[in-house]
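Below, each structure is written out as structure tokens.
Paired with subunit B in one complex and with subunit C in the other, subunit A is shared by the two complexes that follow.
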Partner chain A sequence: MSNYIPTIGLEVHVEIKSKSKLFSDSANAYGMATNTSVNVIDLGYPGTLPTLNKEVIRQALRACKVLNCDITRKMHFDRKNYFYPDNSKNYQITQNRTPIGTNGYVEIEVDGVKKKIGISDIHIEEDTCKSAHRGSVSLLDFNRAGVPLIEIVTTPSISNGKEAMAYLTKLKEMLFYANISDCKMEEGSMRCDANVSISKTDVLGVRTETKNIGSIHNVGLAIEKEIERQEKVLETGGIIREETRRFDDKLGETILMRVKETGNDYRYFIEPDIPYLELTDEFINDSLKTLPLLPDELKKKYSEIGLSSLQIEKLINNRPSNDYFLGLLEFKTNYVTAVNLLLSDISSYLNKHNKVITDTHLSYEKLVSVVDALEKGELSNKNVKDLIDSLMERDLTLEELKKEFNIKNITDDSFIKDIITKVIENNSESVNDYKSGHDRALKYLMGQVMKETKGAVNPKKASDMLVKELNK
Partner chain B sequence: MDRLSREEVLHVAYLARISLTGEEIEKFRVQLKVLMDDIDKIKSVKDYDDEMMYTPIEDNTRLREDVVGKMLSAKDATINAPKKNGSFIEVPVMINE
Partner chain C sequence: MSKYLDLDIRKIHELLVKKEITPLDLVDEALSRIEENKDLNAFITINDKVREEASELGEVDPDNLFFGIPIAVKDNIVTKDLKTTCASHILENFIPIYDATVVEKIRENKMLIIGKTNMDEFAMGSTSETSYFGAPLNPHDKKRVSGGSSGGSASAVSGGLIPLALGSDTGGSIRQPASYTGIVGMKPTYGRVSRYGLVAFASSLDQIGPITRTVYENASLLNVLVGEDDRDLTSVKKDKEDFTRLIGEDIKGLRIALPKYFVSDIVDEEISKRIKEVISFCDKNGAVVDIVDMQYLDTAVNLYQIIAMAEASSNLARFDGVRYGFRASDVNSVDEMYGKTRGEGFGDEVKRRIMVGSYILSGENAKTYYDKALMVRDDITKEFNRIFKEYDLIIGPTTTRVAPLLGNSKDDPHKAFMDDVLVIPVNMAGLPGLNVPVGKNSEGMPIGLHIIGKAFDEATIYKLASFLEEVF
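What follows is the complex of A and B.
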């Protein structure tokens, strides 16, 4: 059964970040009260005219750049005609024939193998209103109507669920970092449809479309289940019909929604209410110059300054900490220690108090002084834990806080040495254990040193000195 | 042929979600054919699509600044809806179409 070759293409809708909607000046905001982020254009009133939002074009250009697409210089919009209550104009304004971006790719890596997933086009279109189905009625909220979207369509170059998941993860990471979208699948700002077909020959099989899959994990699962289903149908002499399906994550299978009739009959024609759009070099360059560093560029940069791959991954997954850290690079300090602090004590504080780092009193100068003090042994990790609330909440320098908290760290080597000698004398059994190769004994002895000094020595320094003494 | 087929008229009626009587179908078979012929004439204009000749204006690019303007209240937004449910507009369910 497994000699079928699957061919998969994904269509991803991403809501664009902007203040106002695509064709009207009502707010593009999530979570507003029902039908309040709306005007007569969004409601499709006769006689109203759409006007194109400049920022959406800029954002779409950024998406083209990030996804390595060719940019279309002269384009128009098209009407896609259909009757459905989610669109009161009875047509959606989209880009059918002149998408803003074409011929791009995203590079993914699965099990150590790199692969380029082709992007056939990126087009701009308006979102529909949100409908909630309740028994025999549907309830419509037009807040989402006219929200700007880009639809990113891949070539049929994906071979399995794992590749689809890697592609979506990368796409999400890039669009999020480029500030194009917040890409929250759970809030619907990123939505994915998967086209799947299987065949034993070079001729592609009949494809099905599984719509609106709710998470990246479920996209992978839905694809694998759909491949299995199609194999079963073909192996038992059945045929695959062109149809729309949905993924039921409780049942773990795709379910038939509707069989497509004689193909879609959307009767596309050029949107006559929007003049065509011709982009100048100046406009394009101006739009692209605000693109921030993207994850692949960040990974390279961080690896060059000595961060571990785990630190890099954690930092990139924590956008506010990452953005803050980028600012820290203007200062000279030990970045590895700084990242450790950012991802441990500082992150814990921020999570506990539900704050972002820019809302605290932790200036770069203050963080640098903490990192430097840790490096010199003037401050221990325990001190940082004791001080963290004050460091974040109060506009005082580290020196001022140390005075207030009466932190006088022991940097005097001879004093530390005396303590170590005392610990070695009082714990001869553990010393013997250590010498016979029991590493755990070292931890115990270090604990005793820290206890004797009430945590007031730099653990690394004390540990180095302890090992030196033990090995004498 | 001076008229569309019955199936063609029914297809157009389906797309518009309207039902037609037998008499209406016969009437539209002739009327829609006249319309189609006129559209074909327009389509035969050379370069109609290629040069984006759908607008008579030169320097077409018109973009709006990204600024939020005045919006409607939920009451005004739903004022012309045949049926309401709280602040929502209510319509017959169309989930399994």
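What follows is the complex of A and C.
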């Protein structure tokens, strides 16, 4: 049964971040009260005409760049005609013949193997209303009508659920980092349909489309289940029909929605209300100028400055910390120590108080002074823990805080020396062990020093001094 | 009853400025004329607030030529709080919540909208007989049609009910009724006047224009209507100009082309004869008139049937009973609601055109018919441009015959299109075209001259038209 080769293609709809809708000036905002971000254009009122939001074109250009697509310079919009209550004009304005981007790819890595997933096209289109069904009535929310979308269509170059998941994870990460979309599948700002077929030969099998799968995990699952189902059907002498399915995550399988009839006839034609658009170099360059660093570029940059792969991963998964850290690179300091701070004490503080770093009093200068103090042994990790609330909340320098918290003794050699002397006196057995070559004794003694100082000394400094005293 | 409305608009203005009459006097006169001529069936809706609006105006000083002048608006141009039916059952009780851009301009200039004029249903027809409210009649002979689709506007102006009206012209719908009723009607260059608020029939052809008694009034009203509009991307930015500026100049040196097709045997003999008289008059007055060969003119009706029907099938999809307008009762599903609402809401001609348009765009037909039609359309435009390299204007008869009797073309849908055979090419090329009356035939029915100009050169058209208007 397993000698079938699956062929998978994904169609991903992503809502574009923009102030207003694609063809009208109502706000493009999620979560507003029902039918409050609506005007006559969104309602498809008689006599209304679309305008074109240039901001969306810029965002789509950025998506083209991120996904390595060729940019279509002269393009137009098309009407896709079909009747459905959530489709206010009963045609959707989309790009059929001249998608803004073509011929791109996304590089993924699965089990250590790199692979390019082809993007056949990216096109701009408008979203439909959101419908809610209550018994025998259906309710429509036009807030979503006309929200800008890009649809990203892959070539049939995906081989299994794992690759699909890797592709979606990468896509989401990139579009999110490029500020193109929120990419929240749970809020519907990223939606995925999976086309799956299997075949034993070079001739592709009949494909099914599983629509609107709710999470990246479920896309992987749905694809594997659909492959299994198709194999079972074919092995028991059945045939696969062209059909639309959905994934039921409770049952863990795909369910038939409808069998496709002889090819959809959308009666596409060029949208006569929007003139052809010719993109100039200036417009394109201007749009791409604001594109931030993307995860792959960040990874490269971070490993060059010596961050560990774990740090890099954590940082990239924490967008606000990452963006803050990028700003820190303008300053000279120990970045490894800084990232550790960002991902530990600072992150805990932010999570606990539900804040973003830019809303605190932790300026770059202040953070650099903390990192430098740690490096010089003028400050211990324990000190940082004690100081963190004040560092974040108060407009005082590190020096001022140290004074207030009475943190000054730890670099005082005589203070440390007194403690070491005390420890050596009280642990003569361990001292003897050390002297007869048992290294573990040093660790024990060091532990005692840290205990006595409540961790408020620089461990390296204390350790150096301890060894020096023991060797006297 | 006074006869102020029969005066030249400049004279009416003078009386208003001198406060010898008030806007309310004019409105009352128009209302009583409409009442006296109810049998013309020129209006679908009378603005029941117009007297109130006129009274309010009485206290403002006349600030422009059109201040306080009553005007009629074709019923496919939306008017806030004033019923806009498109002469269709499906919008029989539709009250728009916004004003079309041209209506805003009319209101800014303190014109008074007396009511909404009768027309072919959704402007689909050549005689206004497809109106859900019955056909308007020709004031010159009430057994005859007033043309279409702006038949109500033409009938109202021709019958002296009102001095000014707005029409819309997709394939001759301003010029042809103007010709049948002996008045002046201009279809401006595509993009000259905003289409925002004009209920779309064929978006790439539709254009709003003025219908008036005289050339001067027509050019003056066009001054008010034009201008780029942010809400219509197909509207064009142009420097402000006065379309009356060449009126009164002689026509010496004007280069005029007369395409052979326009005086071929498709044109009625009496009309041809009159056109020849016009030519010799032009000749005598120093203009150069050449008979020229022009290709593709005879394809225009076929192109119109393809392009206009295709666009209409999509434009009219929004009338589905979901958001506004008529909704059929006793339905058990959404599909049944669509079917019944549209089946009962639209008249036969509209349904016929939607079906033809849907067929034309369906599957491979889109390439066979629609794409090919667009190519030929380009050729027509090129052909006009070729002629306009050597000539300032192109002239011919507006129609092949005088206004036909009511019911004449009802049984043969194709025949009705032949009423527009001479005017449609102008829409295909997006050029300005005007009808000016040049006398009557032996039955006393008006004959119209069609003057076509270069893109955005309406002023030269008005120059020739006013020169001829004085004589014929």
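As a convention for this text, the second predicted complex is superposed on the first by the 423 of 472 C-alpha atoms of A that agree within 3 Å, B and C clash if a C-alpha of one lies under 4 Å from a C-alpha of the other, contacts with A are read in each partner's own complex, and residues count from 1 in each chain.
Here, contacts are C-beta pairs under 8 Å (C-beta built on N, C-alpha and C of every residue); 3 or more make two chains touch, one makes a residue touch a chain.
Everything quoted here is computed from the prediction, not taken from an experiment.
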For this session: Tell me which partner A:P46 touches in the superposition: subunit B (first), subunit C (second), both or neither.
Result: second
For this session: Could you tell me if A:Y268 is touching subunit B, subunit C, both of them or neither one (first, second, both, neither)?
Result: second
Exercise. Which of the two partners, first being subunit B and second being subunit C, lies in contact with A:F405: first, second, both, or neither?
Worked result: neither
Exercise. Should A:Y91 be classified as contacting the first partner (subunit B), the second (subunit C), both, or neither?
Worked result: second
Exercise. After lining up the shared chain so the two structures overlap, which partner does A:F415 touch, if you call subunit B first and subunit C second: first, second, both or neither?
Worked result: neither
For this session: Check whether A:I57 is in contact with subunit B, with subunit C, with both or with neither, and answer first, second, both or neither.
Result: first
Problem set entry | Per-residue contact with subunit A, leading partner among subunit C and subunit B | B
Exercise. Does subunit B (first) or subunit C (second) touch A:F83, or do both, or does neither?
Worked result: both
Exercise. Which partner does A:S26 reach: the first (subunit B), the second (subunit C), both, or neither?
Worked result: first
Problem set entry | Which superposed partner A:G135 touches (first subunit B, second subunit C, both, neither) | first
Exercise. Considering each complex separately, which residues of subunit A are in contact with subunit B in the first and with subunit C in the second?
Worked result: 40, 43, 51-52, 81, 83, 85, 138, 140, 265, 267, 272, 275
For this session: Sort out for me which residues of subunit C touch subunit A in the complex.
Result: 77-78, 84, 86, 91, 94, 96-98, 100, 195-200, 202-204, 230-234, 310-311, 313-314, 317-320, 322-324, 334, 338, 358, 361-363, 366, 370
Problem set entry | List of subunit B residues in touch with subunit A within their complex | 11, 15-17, 52, 54-55, 57, 60-74, 77-78, 85-97
Problem set entry | Residues of subunit A defined as touching subunit C within the complex | 40, 43-52, 79, 81, 83, 85, 88-91, 138, 140, 263, 265, 267-269, 272-275
Seminar exercise, completed: Counting only contacts in the complex, subunit A reaches subunit B at residues 18-20, 25-27, 33-40, 43, 51-57, 74, 76, 81, 83-85, 131-142, 257-258, 265, 267, 270, 272, 275-279
